Amino acid sequence: MSEHHEHHIAPKSMYFTIFGALMALTFLTVAVAKVDLGRANVIVALAIAGVKASLVVLWFMHVKHNTPLIKLTVGVGFLWLVFLFVITFSDYLSRGMMGWPQNWGATGPVILNTTPPPGVEAHGEGAASHGPAPAAGHAETAAPAHGAPPAPAHTPDTKGH
Amino acid sequence: MSSAVNTLPMPENVGESYLTKGKGVMSWLLTKDHKRIALLYLLSITFMSLLGGFFAALIRLELITPGGDLLSAESYNKTFTMHGVIMVFFILIPATPAVLGNFLMPIMIGARDLALPRINLLSWYIYVLGAAFTLFSMLSGGVDTGWTFYTPYSSTYANSAVITAALGAFISGFSSILTGLNFIVTVHKMRAPGMTWFRLPLFVWAHYATALVQILGTPVVAMTILLVALERLFGFSFFNPNTGGDPILFQHMFWFYSHPAVYIMILPAMGVISELVTCFSRKKVFGYSFIAMSSVSIAVIGFIIWGHHMYVSGQSVYAGMVFSILTFIVAIPSAVKVFNWTATLYKGSISYDAPMLYAFGFFGLFLIGGLTGLFCANVAVDLHIHDTYFIVAHFHYIMVGGAIMGYLGGLHFWWPKITGRTYPELAGRISAIFVFLGFNLTFFPQFLLGYLGMPRRYHAYPEEFQILNMMSSAGASVLAIGYTLPMIYFVWSLFAGPKASANPWGAKGLEWTIPSPPPLENFTEIPIVTEEAYAYAPEEAEEHEVKHHV
Amino acid sequence: MSSQVLDHSAAHPANPNFQHQFEDLNQQYASTTFGMWVFLVQEILFFGALFCAYAIYRATYPEAYAAASHHLDVTLGTFNTVVLIGSSLTMALAVRCAQLGRNKGVLGYLFTTFMLGNVFLGVKVVEYSDKFKHHLVPGANFYMGGPYNEQAQIYFSMYFAMTGMHALHMIIGAGLLIFFMWKAYNNTYSTEYYGPIEIMGLYWHFVDIVWIFLFPMLYLIA
């Protein structure tokens, strides 16, 4: 406990190198987003974000040269995030499995509020003429939107007390 | 046990007691001393528990008769909601860590204070702020959503002061986070020389595991509650089915914390019990490392089983099945603890002082609570008993029978250390017996009620349930006596109780090597630890030693 | 439990920032920085809850998310990303100066960080007011049009909750920066005492990391 804690002081050039890499990755991710890769777009975007975050954590936050305890702490934080994601998704991805009519997406949300509020221009987006065809799994979800009667003008979902 | 075994040398120039050093209200309100902050917490938690107890009494009064005569359905909803919110967020979660943990943890590991004393004080102020919000919501019309704030009821339909109550819970969560943060840093960085991880008292292990849950779980529920408040305040859509939102997602994120929160309540109590069992059977604890590791594994496994609260909510069948299996797994480390405590008692020279009576009470109630938990974990059974009084009885056995028995046992055990005064032993034993009997009379009939199909959260019920409900209400009054007695004789002991020696129980542990009450910085000189925890019988301790050393 | 005692009190350092509960400045440094890391773990889970809700709805309504995300200005988002990463660089350099005991350097870099943070927040204000103008704030007046009008409310609720919570962290961070600038101005830091700047840096970098994920998730998924 009493021996002096020798802190690793990195040279300035290291910080600028990391900064350069972060900039390059930022422009890369913007560029890639303009190319249509289908589902891969999301994966690439998140992968690049992950690399950027790792650069910041390891070098800007000095985890690379830090004690095992700090490394463990960071790891635990992300591990618990994985718990939250994986287990929550395990429910959503398995809805409707085993022939049980449980898919909340399939019954579709109640669609309200398809008419613009007074004084709003519709941004040139017609209600029915627009948008990519919904993916198979979501066909029913989106369908009511086209034929929905002009709903009671945007019923507010919250009330005051 | 009255023969004080005090063989340890007492430092000569002990500092002035923490109670007398520094006078005036401000010296308490601005204190950074962990012991004084623990007492601030003790006072505020006791105040909140009177309030929570008042609502409990209202509930039991209403349920004496089948008709809804005392409270209207709406005010009954508000009553049980306030009971739940206060008891869960302001008593069960902070009680043992913030009072006993705060007071003892630094002393037990041989430190002058927690690592971050200002943060510790801040956590108390945040607690008070959260309590103030909750009280405000109570005064401004109350909340009727149940303590779980389920959407879309809480976000859209409820016609009561949901926002302030939810923010109260949100704020108190940060108090809990800061306490946990402080404990983790303290255990890692503030241990005295020689206090290795596997020499830590099990109380400290339990609080370390608790702190992990507080750090890793609480922020998720805080954010979830915040989203509900946003949805209600500004009409945002997170869980609103009208825009395609999923109320079940709220339940997932809510229970991600709120299930582990059960372990925030029970783990510190288990830590107290480990201390009590070894001290009052005069034996080194059996299976030290197993008890220590079971605390940590309960904390970890507790995070992956939350879906058992949602079997009938509409989550997938597959998820329900997985959660069911995982839930059964958490019974293993819990059972490890109970078996090890039992083995510690075996051939021990057991004495039946009040703290130990509370510990025995804990065994009985935790056993029933834990085993009925296995019923609830089973999807097929749970479909029948879900939202019935069976569940109510089950979680009260764990959360009140377990957590509060541990808390009270610990409070009795360390009262002489905290105040320097001895409480009347006979009164202590009587109150322990009252609590145990009253508790069982209150909540065992509720198992039967739930099994017979009485749903929870209704102010009226069919007449055939009246006998059991009357038993329950009668038990509640016995329980109330059991809880009131300690408040009376603890206060009495402050003024008239005999002065306590440094080690009235002849217990092991660093907290018993310093005077009662301790001086301001606990130790005049930081001790060097040279032996295992709980070295009650030296020759026996030699044999078991070291195998599990780090 | 103890049989010997060791006197540490003689070794207490004279630094005015030393806190009495510690043995020495190294223990203080290690404890406080570790405390910040534990706090950041808490923050990971705090934002993690938002990310989880975002991800569930993203997986359920990908088209609605894509349609809604068209209403965000990628140029402004990219600009803000550059600004924020730049502020992370100056923050890191401030920490380096603190490690070397150069208070003037700390002050200068913290000021640059502060200004960049304000630029970020200013751009955010522009973006928010644009959403208000175009009825893209969830609630009674929300109107995006198109087949995904309802589900887009979820997207914009997420957008405001995530960026709002992030901006709140930035504002708190900016306030802390002012405090530390004042401290550096008073020559508080030295080669043996620079922990607070490092802790400030950890916080700032964390806020940067959150944005590094928010940027592609909100702006680039179209």
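Going by the order they are written in, the chains are A, B and C; count residues from 1 in each one.
In this text, a contact is a pair of C-beta atoms (placed from the backbone, for glycine too) under 8 Å apart; a residue touches a chain by one contact, two chains touch by 3 or more.
On a predicted model such as this, the values are computed, not experimentally measured, just so you know.
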Centroid check, CA-based, most central chain -> B
Winner on C-beta contact pairs when A-B is weighed against A-C:
A-C
Taking each chain's centre as the mean of its CA atoms, how far is chain B from chain C in angstrom?
33
Can you give the whole-Å distance between the Cα centres of chain A and chain B?
36
Between chain A and chain C, what is the gap in Å from one C-alpha centre to the other?
18
What are the residue numbers in chain B that touch two or more other chains?
188, 193, 216, 220, 231, 234-235, 237, 242-246, 249, 253, 256
Scan chain A for residues touching two or more other chains and write them down.
1, 69, 76-77, 80, 84, 88, 92, 109, 112, 141, 156, 158
Multi-partner residues of chain C (each touching 2 or more other chains):
23, 27, 30, 34, 38, 41, 45, 48-49, 52, 56, 60-61, 139-140, 150-151
Which positions of chain C touch chain A when the two form their complex?
11, 23-24, 26-27, 29-30, 33-34, 37-38, 40-41, 44-45, 48-49, 51-52, 55-56, 59-63, 66-67, 74, 78, 81-82, 85-86, 88-89, 91-93, 96, 99-100, 134-135, 139-151, 201-202, 205-206, 208-209, 212-213, 215-217, 220-222
Residues of chain B defined as touching chain A within the complex:
141, 155-156, 159-161, 188, 193, 216, 220, 231-235, 237, 240-246, 248-249, 252-253, 256, 303-304, 306-307, 314-319, 322
In the complex of these two chains, what residues of chain A are touching chain C?
1-5, 7, 9-10, 12, 15-16, 18-19, 22-23, 26-27, 29-30, 33, 41-42, 45-46, 48-49, 52-53, 56-57, 60-61, 69-70, 73-74, 76-78, 80-81, 84-85, 88-89, 92, 105, 109, 111-114, 116-117, 120, 122-123, 125-128, 130-132, 134-135, 138, 141-142, 145-146, 154, 156, 158
Touching residues of chain C toward chain B in the complex: what are they?
1-9, 19-23, 27, 30-32, 34-35, 38-39, 41-43, 45-50, 52-53, 56-57, 60-61, 64, 137-140, 150-151, 153-154, 157-158, 160-161, 165
Considering only the defined contacts, which chain B positions touch chain C in the complex?
8, 11, 110-117, 119, 177, 181-182, 184-185, 188-190, 192-193, 215-224, 226-227, 230-231, 234-238, 242-246, 249, 253, 256, 508-510, 513, 521, 525-531, 533, 535
